[in-house]
Structures are given as C-alpha cells and as structure tokens.
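In what follows, chain A forms one complex with chain B and a second complex with chain C.
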Partner chain A sequence: MSNASQNVCNEVIVAGGDRKPFNIVAFLRNEYFLSCVSLLFFFSFWHWAASSHVLGHTSALATPMEVLSRLAELFTSTLAGLTMWGHIWASLKRVLIGFTLAALLGVPLGLVMALNPYVNAIVKPIIDIFKPMPPLAWISVAILWFGVQETPKIFIIVIGSFIPALLNSYNSVLLIEPELYDVVRVLGGKRWDEIRLVCIPASLPAISAGLQISMSSAWGCVLAAELVSSRSGLGYIIIQGMKVSDPAMVLGGMVVIAVIAWLISQTLEWADRKLCPWRRDIKSF
Partner chain B sequence: MKDVSVNIHDANAPVKISCKDLTMTFVQKGTHVVPVLDNVSIDVHDQELLVVLGPGQCGKTTLLRMIAGLETPTNGTISLDGEEVTSPGPDRGLVFQSYMLFPWHTVEKNVSIGLEMKGLSHDDIQKTVSHYIQLVGLKGFEKYYPHQLSGGMKQRVGIARAFAMSPKVMLMDEPFGQLDAQTRLFMEQETERIWLQEKRTMVFVTNNIDEALLLGDRIVTMEGKLPGRVKSSYAVDLPRPRDPMSIGFLTLRQTITDEQELTL
Partner chain C sequence: MAFETVKVGKPLLLRILPVLSIVMFFTVWEVSVAPPDVHDWRIPSTLLTSPSDAFKLGIDKLTNVNPDGATLLTHAYVSMQEAFLGYILALAIGLPLGLMMGWFSMVRGLARPIFELVRPIPPIAWIPLTIFWFGIGLGGKVFIIWISGIVPCVINAFLGVRMTNPVHIQMARTFGASDWKIFTSVCVPSALPMVFGALQIALAYCWVTLVGAELLASDQGLGFLITMGRNLGRTDIVILGMVSVGLAGAVIGVIIDRVEAKLLAGIRR
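After this line comes the complex of A and B, so read on.
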C-alpha cells in the first residue's frame, strides 16, 4: 500500500502508509509492553514482600495468590447473611443513589449560578463556607440526624460528590469564549438561544469531567460511611477482615472495590466520548 | 482630512449603510476613558465591496461591530436601508477574526444553525447548506469537526455560515489575519470569486494594503492612532480579477502608502 495523496481545496490529505518491519528496540520501547512489564514487576514485588515477611510478623501481608483464593471463597459463601454479590450491590446502590442526587442538584445549580448574578450572590457565599469541610466530618452529624440506616450513608455521599459537580459546571460556563455569544446574536438568537446553543454544549466536557471526579469522591465517601456503621457492603467486608486479622480478606475487599470503581469510570468515560465526540483524544490517567 | 464622500466607482448606486458622526468611548475600570472613534462618517453603497484599511488599534473593528449591532455608539447613528441599526440580526452577516465556530457541531451543522433558528423547512436548509458549502469550496467536508480543519478551512466555514443567512450586508473583520501568507492570498482570491458569484454589499476590515487593493471597490483609510478618524477614501478602478503585479495596482499601492505615516 503506497502513500496516496489527495489534493482537496488546497489541502493535501495523505492516506495510508507502509508497515514498518519488526525492530527489537521499538518493541522494548512500546508503551503497552512497558505497562505489562511494570505490572509484572509490581505483582512479583508484592509476592516477595508478603512471603519474606519483611513487614513484621507472619500475617501482616497476604501474597497475591492468597488474596485470590480468599476472594474465591468469599464469592462462594455468605457473610452476614449476604453473598459477595449482595455486598457489592449494597455499596453500589448507595453510590448510585447518592451520585445521582448530587449530580441532579449540583449541575443545574452551577449553571444557574454562573448565568444569573443574583443567584450567584445569594448562593456562592454559602457554598464557600461548606466547600472546605471534609465530607467525613459530617458522619457523626449524619448519624445523629438520620440514625444508622441507609439515609446517613447516602447523605454523606451526596455531601461529598455535590461540590465537585457544582464547581465544575459553574466554572465551565465562566470559561466559555464570550465571542461565541456574539455569533448567536448575529445569527438572530435571543438570550435563551445563547444558553441553549452555546452555554450547554460548551460546558458539557467540563461537566462530564466534574461528574467523573464526583463519582470517585462518592466511592471514597461510601466506604468511609460503611466503615463506621454498617452491616453490609464492601466497607463492611474490609472491617470484618480487620476484626478477625484476615489480611487476605482486607486486600480482597480492596481489590473488588478497585475493579468496580474502574468499571464505573470506564463507563463514564465511554459516556463522555459519546456525549462529546468533538473532543480531541486525551490519554486519561 | 480629505473629503470622504467622493465616490468615483458608482455615484448612482444607492447608499446601503450610512454612518453619521459616529463617536465611541469605552469606559474602563470606572474612570479610565478611552476614545475609540471620533466623528466617523462613512457611506457604503449597494453591491459595493468597501474596505476599511488601517493599522491595529485604530477603531476599525469597533466600527464594524457597531454596524453589526453588537456595540452601541456613544453618539451618532447608523442606518441600513434607511432604518436605524440598534441590535444584531441576521440581515448583517459577520465573519469573525478568530473563526468562532462551534466546536461541538460538524461543518454542516455550523452552517445550518442560523437557518434552523430562522425556522426554515428541513429541505430548504439542506439545499442552502450544501449550496454554500460548495460555494466556499468545502464539498466533502460536511461531517468534519472544526478541530479537524485547518485555519483556512475554518474561516471558509465561517464565511459559508454568514452567507447562508442571505444577509443584506456581509461584514468581515480581518478574517484572514491569523493565516499564513500563502493561505491568505488564496483566501483573498476565493473571497473575490465568491463575491463576484453572489454579489452582495460587503464591508471588509483589514490592516493589509495588498488585501485591500485586491478586494476593494473603494478603500477608506483610518488614522493610525486612537481615537479613530477617517483619513481618506480611494476608488479602485482596476479590472477584476485583480492582478497584484499590474501597473495600476502598484501605482495605487504607492499612492496609499505615501499617504500613511507607516510603510504598508
């Protein structure tokens, strides 16, 4: 396949190219290969650290194989009346409810604050007061107000994920190029057209990024809330592991959390690509 | 200041846009007063390509934005076809210096968005959009996003977008300022071709004298400092398409350059 070039409107598009022959140096420098090597080293190091007891007494750290076999046991038995899947769903349910509430509250409020200076003057000082407070500080208050059922946990999640969603949607409107509004006005649009045609599409990428931060914040909050007072969920599994000195269980819980969080963030990234197809590819961390 | 109402090109053409005694002052930070325009009066005739030529910071972009209705003059009036201009509207198309395309829409959608606001039928919009995309030479690129286009192509989308609204007047604000020299020359020739094909009254703002001579039926020069005032007006009576190497072109170029304080 040779290079074909096409002269279109004074622009030249070069199509195709030949495949390069195999080169060992290029192979060693390939990013995917290096990532695989890095992971291999990580697991080997973990196994060595666990089996050589470098961190103190014998049961401080479990080897990767021990974690995997403990996970297999957990998935085939029940703990506190629920299977592993039941626990996963318990945590996931809390995250999804809390995240959705936070998004539904935070995103529209951020947009309105950025567009209306009066709403901004009223709401912003209150947000500024609550912004630096860590969501975990609200745990005792939440338990006082709502008891120890589901409500305080969801309350904490909303507190934790509301602020990133609000701030991102607020800032996204402020970052819009002001001349874009001129374009809409010159084409005959009114204020509502400016919002519909410029504000909302222009803020989508930042809102989407804010929601991804919101989601990871939601995960952090749910685990903290479960660590304090819960009978179900992944945080509960970790606490049980700590209580019975079972490091494989603790690590197993952490691994499950990581996998689920990763799956959710991949889903959000996929949704982001579908919503905002005009964004250039940025390699996500 | 020379008499600016002399127009050799077509003295019989009716006046399309009339700017009388425009004065504009911006107030920054509450107290700092910046006079931008001082008693500017310009008439634009029907179907004429008027070029406003001046160096940077001379108020010509503000003048164009006032004609578009995006700014209101502190004093003076602007009228289009006898009616006073107070707000922006689709009867005056504006092409921006930094393209200002919507990055979340394809080329096709960028051109059609104004037509959708007008409320035309889907078929009419399709026909108009494909006509203008072909006119500016971007056939085949309808589904591309702006970030996939080069600067010249983006500006062509901007021109198609403005033309598609069938405005009475086309206003172009240094549209090729961000392009390299070769693309700029190509785009100037394209603009001339498009304008000859679909004749419309056009006001073109630039700081480049070659561009002014290549495009303009009449050139109005502005003074090189704030507040902006009109310096003089030149009729360009050269045959189209313009040849930048012809004697007439170069003679007029010399005349205009001599009159300016800075070499153009």
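After this line comes the complex of A and C, so read on.
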C-alpha cells in the first residue's frame, strides 16, 4: 500500500512515477476500480432488496429503474398543478429569499459585534439564548404566527441560516492574527483602514464557509417546513409520496433533492474560490 | 521582578450591558404579552406566552400528564434516548469508517462513492422513507438521527487522518513500521482533535434532526410536545416545548464542551 503514503500527505506531487507492468492485484486494489465495484454492488443490492420485498411489504422500496421512470413521469406530468420543475423552483425560491435575508442580516451583524464590544455586550447574550434552539422547533410557532402561506417557511429558513452566518463572521474577525493590524497601524492607518484592509479580506474565507453552512441548513429547513405544511416544493413531493404509499415517488424526490443540494454546494464552492482565492486550508473532501 | 503584572479589567459598562440586555429581553417579552382574554395593544396570548406563564406551565407539566399524555420529564427522556442512541451509533460506525477511509485506499475506494451519494441528502428528507421502513417507533427516529450524525463524523475523521503531518509518517516508515502500525500510532492520534470536533458537530446535528423527526412522526418526545401544542392551539405548550428543547440542547453542549476539554488536555491543537 505504498500508494497511500503518497496520497496522505499534504505535499504536491506534480509529476512522478513510472509505468508499472500490468498487475492484477494492483488493478483490483485501484481506488477507481473499487469505487465502480462498490457502486455496482450498491445498486444491485438496492434492486434486489426492492424486488424481493425484504422489508416486508410491497410499498417499502422501489427498484432504481422504477424510480427513474417515475421521475421522468414527474418531470412531464403535473402534481398539484405543478411539474417537477415548478416544485423545484418553489423550493429554490423560498431558500433563496430566506438565505439572502439571513445573510444580509447575519453577516453585517456578526462583523459589527466582533468590531464593537458594546454591540457585542448587548447582542451576544440574546444570540446565546437562541443559539441552542433547533430551527425546526420554530415551525409550530411560525405556523401559529404566519399561517400556512410562504411567510412561515421563509421565516424558518431565515432562523436556520441566520445563526451560522452570524457566528462564522463573528468568529472570523476574532481569529484574525493581531500582527496584521499592527502592520496597518505601523503604516499609519486609521481604525477604518484596519477594518477595510484587514478585517474584511481576512474574514472573507470564514464568512464564505459560514454561508455554505447556512445554505445547507436552509435547504434542510425548507424541506422540513414543506413536509409539515405545503402545497408545493420538493418536501411536498416526498410527503405526498408517503401519503399515497408510492416509494418510487419518495425516492425520486430524494434523488432530485440530492442533485439540487449538490449543485448548490458546488456553486457556492466555486463562488468561494472566485471570491477569496487566498484561503489556505485543506479542502480535500 | 523586572515586570509588573497589570490587570486590565473590562470597563464596568461592558460587564453590566450583557445582564441588562437579558433583563430587558425578558421584560419586554413579559410586558408585551397580554393575559388570556384581554384584548388591548399587547400581543394576544394565542400567539405568544409570557415567560412567567411558560415557567408556571413547565412546573405544572413536571407532574401533570394532560393534555398530551406524558409529563415533561418523560418527553425529555424519550427525546434524549433517541438522540443518544442515534449519536452513539453514528460515532461507533462513522469514526472508524472515516479514519480507515483516510488511511486505507481500499476502504476509501469502497466506501466513498456510497457516502458521496448519501451525503447531499438532508437527513430530514429521509423521514418519509423511514416511516415506510420502521413505522413511527424508536427505530425510525434513531435511523434518521444516525444518518445526520454520521456525515460529520466521517468527514472530520477522514480529514483528520489526511492532515497528518507527512514527516511523522515518513519517520515511522523509516523506522520500519507497518501500515497498520502507522495508522494506529501516528494517524489516529494526530486525527484526535478533528475527531473531538466531530463529537460536538455530530451532537448538534443529531439534536436538530431529532426535533424534525419528532415533529412529523412520534407519540412522545419534546418535538411531539411542540406539535401537540400547535394542534391543540395551546401556544403556551409550544413555547414550553421550544424552551425545553433549547435548554436541553444547551446543557448537552456544555457537557460535551467539558468532556472535550478533559479529553483534549495535553493534545496540541
């Protein structure tokens, strides 16, 4: 397993190694080959489990092919007046509105809290009260306050994504190396120069990481809100699939949810690289 | 002594403000909620409950099983049981898996694609499928909590091993250590800070997901208490449930912090 020792370290191997003669053991141990084997095994196990009804009754699991065909059907026909695209957009719209609101509130507040001890002394205790409360616990109260329309869902998303956005921008400023401030001060900078030249650029990577956490939290919240009460959205699709005992619909919904979540995280990752190319931590997962 | 220790205390204002802020918060909350059947400028009691009423209800619920069928402590106990079962299972499976994925390319090749398939699905989205499989009993909730907890465990343990200082590995290799020996005596210890980080993150995830799972399908537990309060139109029960969930979450967080500090004593971050 000499391969692993080269992979495990942080050093960059630009080019190296020489062609080895074909070796069946090495081929069988190749990571990509093993990945294919494992995926093949996963899907065939899924198919077997679904077609032989190991889980007891017929409506517990659908085979991968059934899921795909059901998914194609969902994209072309309508459910509750919307095609799959409509449901995707319904969820996405809620997430985008809630996430934008939370980011616009949370990030500046976090920065101000970190920069001004008086604001911090006033706001921090209240944040600490609300921090341990899971956002999903707000669903009931949101429905009591705002009814069952769009507002409670957006409210939940704001609650869910506000805290990570705020805490990350707050912590990022506190973790800035004090030497950086000294440099600005030695060069004759004012307080405002410190904020503009040091705080903002140095905290941007952590803010961006916080926003990525916010986004995944927002995505979980919108699903939960839609599961509890909704007439549209991806959460509605899977809960509807559950109500009519249609596992293919539930799994199809989950596949779409996973794909959208993956696309969103890739987009944020890309934006992160564009916005702050100077971040240096290891991100290899 | 060549130097003098100067104690710089916080200004008085900065020490008073947090207390003041919390007091203000609860006072405003208390004052702005109207008692039942009073209609004036205040928020009606159908929308919000004052902290004193919530507290009184909390005391009452310690012994009273009405109207939701269990005392507050029973609900809390059920929730804790689910959360900890799922959490322990997530740790027991996620941490070894993540550590092995970091070091052995064979485990990585086998486990990673499936993990990558499951990872982007929010745990909440598993709820309908879980209800098909397990019904609304303990098993389903533990499964959902397990799913939510295992993701940070695997990722952190994996990254912890991958971030091992290569010099240490090379040194162990120079002294003729086997692959397994390097894994157990170099990679795992150096991954420990990341692993302890995972303990905390996973617990937070588990607690959040628990509430989601109970909101949808359960017959006991703090999340159920919240749902029941809404169904009965009892805002005070909803608020009590939220406060209990928050309190329990905070207590768990403090405990984990303490444990982590104990375990991490002596390990360089």
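To be clear about the criterion, the second predicted complex is superposed on the first by the 241 of 285 C-alpha atoms of A that agree within 3 Å, B and C clash if a C-alpha of one lies under 4 Å from a C-alpha of the other, contacts with A are read in each partner's own complex, and residues count from 1 in each chain.
The rule is short, and it goes like this: contacts are C-beta pairs under 8 Å (C-beta built on N, C-alpha and C of every residue); 3 or more make two chains touch, one makes a residue touch a chain.
Note that the structure is predicted; figures quoted are calculated from it, not measured.
*Asks:* According to the stated criteria, A:L180 is in contact with first (chain B), second (chain C), both, or neither; which is it?
*Replies:* A:L180: touches chain B, not chain C.
*Asks:* Return the chain, chain B or chain C, that is in touch with more residues of chain A.
*Replies:* Ranking chain B and chain C by residues of chain A touched puts C first.
*Asks:* Regarding the shared-chain residue A:L197, is it in contact with chain B (first), chain C (second), both, or neither?
*Replies:* The answer is first: A:L197 touches chain B but not chain C.
*Asks:* Kindly classify A:A224 by the partners it touches after superposition: chain B alone (first), chain C alone (second), both, or neither?
*Replies:* Once the two structures are laid over each other on A, A:A224 reaches chain C alone.
*Asks:* Once the shared chain is lined up, is A:I257 touching chain B (first), chain C (second), both, or neither of them?
*Replies:* second
*Asks:* Between chain B (first) and chain C (second), which, if any, makes contact with A:F27: first, second, both or neither?
*Replies:* A:F27: touches no partner chain.
*Asks:* Which partner chains sit in contact with A:W85 here, chain B, chain C, both or neither? Use first/second/both/neither.
*Replies:* Neither: A:W85 stays clear of chain B and chain C.
*Asks:* Of the two partner chains, chain B (first) and chain C (second), which one does A:G188 touch, if any: first, second, both, or neither?
*Replies:* first
*Asks:* For chain A, what residues appear in both contact lists, the one with chain B and the one with chain C?
*Replies:* In chain A, residues 8-11 are touched by chain B and also by chain C.
*Asks:* Show me the residue ranges of chain A that touch chain B in the complex, using the header's touch definition.
*Replies:* Residue positions touching the partner: 8-11, 177, 179-180, 182-183, 185-189, 193, 197-198, 201-202, 204, 276-278, 280.
*Asks:* Spell out the residues on chain A that touch chain C in their complex, using ranges where they run on.
*Replies:* Its residues touching chain C are 1, 3-5, 7-11, 29-35, 37-39, 42, 55, 59-61, 117-118, 121-126, 129-141, 143-145, 216, 219-220, 223-224, 227-228, 235, 238-239, 241-242, 245, 247, 250-251, 253-254, 257-259, 261-262, 265, 282, 284-285.
*Asks:* Given the complex with chain A, which residues does chain C contribute to the contact?
*Replies:* Within the complex, chain C contacts chain A at residues 13-14, 17-22, 25, 46-47, 102-106, 108-114, 117, 120-129, 131-133, 155, 158-159, 161-164, 166, 169-170, 173, 179, 187, 207-208, 210-212, 215-216, 223, 226-227, 229-230, 235, 238-239, 241-242, 245-247, 249-250, 253.
*Asks:* What part of chain B is in contact with chain A in the complex they form?
*Replies:* Those in contact with chain A are residues 68-70, 87-90, 92-94, 96, 98, 100, 102-105, 113-114, 117-118, 137-138, 140-141, 145-147, 150, 152-153, 156, 161, 165, 183, 186.
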